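In what comes next, chain A is part of two complexes: it sits with chain B in the first one and with chain C in the second one.
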Partner chain A sequence: MFLHILKYELKNGLRNKDLIIWLILFPIVLGTFFKIAFGSIYEKHDKFSSIPVAIVEVKENPAFRQVIEGMESSEQPFLKASFVDKDKAEKLLENGDVEGIIFLEDKLRLTVKEKDIQETMLKFFIEQYSVRESIAMEAVKEAPEKAQEVIAVLTEETAASCREIPLTQGNPDVYIQYFYNLIAMVAMFGCITGMHITMQNQANLSPHGARNNCSPVPKSLNILACITGSIIMQTVCMVCCVTFLAFVLKVDFGDRLWLVYPSAILGGITGVSFGFFLGSVNRLSEKAKTAVLMSVTMFLLFCSGLMAGNMKGIISEKLPWFNNVNPAAVISDCFYCLNLYENYDRYLTKIATMCGISVIFIVLGFITSRRKKYASI
Partner chain B sequence: MTDTVVKINDLVKRYGDLIALDHFDLEIKQGEIFGLLGPNGSGKTTTINCLLSLLSFDKGRIEIFGREMTPVSYDIKKDIGIIMQNVAVFDELSVYENIDYFCGLYIKDKEKRRQYVDEAIKFVGLEDFTKFHPKKLSGGLLRRLNIACGIAHKPKLIILDEPTVAVDPQSRNRILEGIQDLNRNGATIIYTSHYMEEVEQICTRIAIMDKGKKAAEGTKDELKRMIKNTETITIEILDLPDKVRKQIASLDHIYDTGFENGKLTVYCSGGKHNLLRVLDVLQKNELSFGRVYTELPTLNDVFLEITGTALRDKED
Partner chain C sequence: MQVFKAMMKVTRRWLPSALVYIIVFVVISIFASSSSTKENKFEVTKLDICVFDRDDTPESHALIELIGKNNNLKHLEDDKDVIIDALYYGRVDYALIINEGYAEKLGNGETADLFGSYHIDESFSIVYINQFLEQYTSSVKAYLAMGKPLSEAVASAENVLTQESEVDMFRGNDEGNEHFSVAFSSYFLFMPYILISAVFVVICQVLVVMNRKDLRFRTNCSCIKNTSYSMQLCLGSVAFVMTVWLFLMVVGAFLNKEMYSGRAWLAVLNSFIFSLVVAAIAVLVSCFEPKQNVLNLITQVIGLGMCFLCGVFIPASMLGDNVIAISRFLPAYWYVKANSMIAETEPYSFDSVMQCYMIQLSFAAAMVVLALLVRRVKYSGAAISTSVKKIAANS
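This part shows the complex of A and B:
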């Protein structure tokens, strides 16, 4: 009996045009739109670019020149240096063509136009070089014949200390958040199939519900088969969505794509359970239920940052607990943690939260749906 | 083994202050086509919903096949077929799949189910539409599909709650004939409607419901015998002086007359040759008249007399 109901639940769901539109086509269109809108920004922020700097040799420093030349020949040079005179250097700085001027005097001196991350990096570079240079010069004094060798080591160490170290194995681009939210949105749209379970099993909500209640099939079995069908349906939609984003739009989900799939599927289950719960707790008509469900879902998605990227941050400041109970935020956070954090602690916390929310919604939905008789139909 | 299929004792159902069923009793025997006749809001559907244990009720007891009906009476439910007032089919499934789905809730054996589904399709005449989806079907065909979904598992008790609402006359006749066929095949039928002609046509016993109460019960002949009216004579006449009308009204077995829009209506109670006696009065007064017709009482007359209101007036 379970398999009979499940078979038709799947047939019914897979042929439902509304579900196909909202759960498969809509994310594809929105994902493509996101890619077009944020793609160029993403590319711009994608790679570390060398810092343009002017170098003024007030006092000759062949070792420094050699280190710079050595660094520039590397695959991803830290600096893009121009050896110029003081006037030219100041003009370049004024025009914004360089981020700073390094004056080679007795000691290295840095001049910048404004204090920012580039200034910090240049300052750090000069400090690193100065420390290493003094050690190297000591070594050259003791063994002048190894001067070239010492400069090579100096170049190597300076370059090594000034390279881009990724914070994560994932993609730290801020715009990727929109794609996480998109997956969260598809997961949350699982509430549509979740609500359908209630409609199909409550005699006071639909003729199907009345007919099912008149059949010799226990209601709990009917609901269980419907939930299973909805979860399978939602799983198909989640897999389609992630596959499209990862392999067609080539959105970079980092090195843990294999974990994105189960996370998305679990998110889908959370969405289904949310719809099942919300559909079960009120006695509104199907249209009214759909309106309430979509409004609540869109509100939760808004709070998770789907429409405004910084919304989650604002809520995290004002109502930090809300992000932990908002299913949409929990789902998108799960992807975020998976992508950005090296260890799995936060990710597993989010997974556990999703499981908890799903179980609570399903149990509450079951409790409110198992009413045997109705006061009115 | 009892031949009583349905027994309702002292059923009371309230919606707040409104009493939907007021100490309602009913007994339906095996093999009957039992009609529940009444206007909208008289309590027909509420009775059906209570019978099916969908609705809770305030007082009373319901037995089906000699056992108390509860929401978990699955052994009773497997022998009941229900055709709801609203069509309950899935738009995404074909005609065959819809019938197979609902039949599958009752019949586990696949081979047997296939045979039952085919028989149900044949029974409602949807052989040419098995791959059609409900949205492609006309209103009449959709109603037939709805019926097939309810009867495919060959239930012993079939409940049809206003199955012909918004159905064209041709489909309606087909549905009514189908119900009689089901009954001939051994099923007991409960049929609710506010169309008295339908109930009169197919039901072997009828209960008239009004304001949640059973106003009368019996076969159609028994019901008609309960009322005063035995014959209604209508005569088209251009002018009818009051003097002549009084003469007609004073005849034996005539209890009321009416004259409106050139039509004289004469209500008779018992007696013989009433028409001849009325026409004799008209001829003696040298009044010419047009068409003359006489009608036996209908269920509407029964309803009118028992409840004081015409069934159609209630609908309005």
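This part shows the complex of A and C:
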């Protein structure tokens, strides 16, 4: 009987257009938009690249020109300078082709259009130049005999004072978390599949439920078959989603893609169990249940960073425990851990949390759906 | 006006869904507008820096104090996972370690390996602070070369590094036009998504209901003229779109804290034209009589698609060149372009703004023509008789 119910549950699921639209088509569409929108931001905006700047020589300054030329010959220069006249420089700045204009007058003068880190770095650059100048002047004034030595110290190439300690070999692109949350969204949308289990077993909600209630099959067996069917369908959706992101959109999940699949599937199971529990805990109509589920799910996804990427960071500062119990955050954290952490401790904790949440929801769902009898409907 | 009245009755049923979008948008806009400033002076970007002082000497304290002058110092637990989280989510831009023996090495004029920095990538902030540390150590070294003792060299370096140079803002204005600030322009910038979502949710649903086969057949055999029927549907749709648009304009005036003036009227006109485009697309989509779940998907695809591709959610400057090339074929691109020109984040020219208006209007006209074509084909005598035959065969 279990297999019989399972077969019909699967057939039912396959014919459900909502499932295909929201769990397969919508993630594909949203994922494509995410890729288009966030695909090049990290490379263009966050990752360091030489800052384009226009230099206007109001007064000849060969020393400065030498500094710029020396700098540009380095492997990754700080500035990408172009010596132009004032009108051209202003045009470049207006069109956003350069971040600022340095005017070489008696003192260096900087003109910028925006107030981002690039502009702060330009300001630091011209200050750096004047700092060296004033130290050299001070040396000439206070200790002329050592001036030569001081200038040598200021201009010599020294070993880097700061040693960089890389913390991870993973993909540091922060925008990739939108894709983690997209997978979390598909997993959490599994709650709608989970809710249908209740719809089919609660006699006051659907004719199907009424029919099931008066059949001689034990309710537990019926529900178990329905849950298995829902989980199988959800698994297919999760696999489609991850495959599309990883192989079509070429999202870089780090070097442990083989673990992304089981994590996503487990996430899907968490979503189904969440829907099963919330569906069976009340006797609301289908519309009301869907509304409650969607609002709760969207709220959890918002907290996990689907709409605003830094939300999880903010919550981890203010309410750190919430990220550990929010199923959406736990699911997206799994992919984050696989990408950035070399060890598996935190990943396994997240997996254990997901298993725990799923078991609790399924058990609670079973408990709340038993002994519901209907004398007449 | 029976058709118009019936349409309004159906509209009322779908209104709550549209209201959800509008209310969320207005609430977010209120928060966004209260946090924007009109200050127009260059300010340095303050980075969030966390320092692990493993030397703990007066020299290392002096350096931390100097860093804290232009940046925000943050405290983090000295745990690898915590630091990765903070760096990844941007709660901390730089995690600096002052190595043990820093003061001693510095005093001896050694600069190698004074610091360590935890990092996950090569971002602007990493390069900036590294440069700052190089500058600091070379300044201290220069003062030491002058023969000053370490404590004095550190103090002099701090002194010389805190001298700030003036920075001019280009044309003294990056806040946009005096009547239409950049901060306020973001209200108009996000409007396409809301207009598309709210209008589609209601107009498409209502038009689909009104065009339902049984209702349509009943209306067709009534004495009402076809032109009158279509006109009333058009009137109903325009009335709804204009109500939503007017409401958003009134809210905008409140957010702006004054009535629109000067160039702001161009932005108002821009949004008016865009709402016409949205109405035309809605009419075209409803001609295909999509089912509700398909319609929801279409709404999301058109709404999110246009907003992601055309620079509504993500500034156009951050999108790839090929994305921009595609988005030129979408009306929202021209809406956003006009909006940025009016706010002067792009060079303003009246003719170019007009050009954007005309392109949007041509999109609207093209949609209307397409909608008329689809309707003509769908509701032609031949098409109706085929569907009647189908229904008869099924029954």
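Just so it is clear, the second predicted complex is superposed on the first by the 245 of 377 C-alpha atoms of A that agree within 3 Å, B and C clash if a C-alpha of one lies under 4 Å from a C-alpha of the other, contacts with A are read in each partner's own complex, and residues count from 1 in each chain.
The rule is simple: a residue touches a chain if its C-beta (ideal position, glycine included) is under 8 Å from a C-beta of that chain, and two chains touch if they have at least 3 such contacts.
Because the structure is predicted, anything quoted here is derived from the model rather than measured.
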Going by the contact rule set out at the top, does A:Leu93 touch chain B (first), chain C (second), both, or neither? second
Between chain B and chain C, more extensive residue contact with chain A: C
Which partner does A:Ala143 contact after superposing on A: first (chain B), second (chain C), both, neither? second
Tell me which partner A:Ile135 touches in the superposition: chain B (first), chain C (second), both or neither. second
Is A:Phe299 in contact with chain B, with chain C, with both, or with neither (first, second, both, neither)? neither
Examine A:Ile21 and indicate which partner it touches, taking first as chain B and second as chain C; both and neither are also allowed. second
Thinking of the overlay built on chain A, is A:Tyr344 touched by chain B (first), by chain C (second), by both, or by neither? neither
Touch check for A:Phe2: first (chain B), second (chain C), both, or neither? neither
Touching partner for A:Phe38 - first (chain B), second (chain C), both, neither: second
Could you tell me which stretches of chain A are touched by chain B in one complex and by chain C in the other? none
Contact residues on chain A for chain C in the complex? 17-18, 21-22, 25-26, 29-30, 33-34, 36-41, 44-48, 78, 90, 93-96, 101, 107-121, 123-124, 126-128, 130-131, 134-135, 138-139, 142-143, 146, 149-150, 153-154, 158-168, 170, 172, 174, 310, 312-313, 316-317, 336, 340-341, 346
Which residues of chain C touch chain A once you look at their complex with the stated criterion? 42-45, 47, 80-81, 83-91, 96-97, 111-128, 130-135, 137-139, 141-143, 145-147, 160-161, 163-170, 174, 291, 293-294, 296-297, 300-301, 304-305, 308-309, 313-314, 317-320, 323, 347
Residue set of chain B touching chain A in the complex reads 15, 49, 52-56, 71-72, 74-75, 77-78, 80, 82, 84, 86-88, 90, 92-93, 97, 101-102, 104-106, 108, 149-150
For chain A, which residues are in contact with chain B within the complex? 1, 4-5, 8, 11-13, 15-16, 203, 206-208, 210-218, 372-377
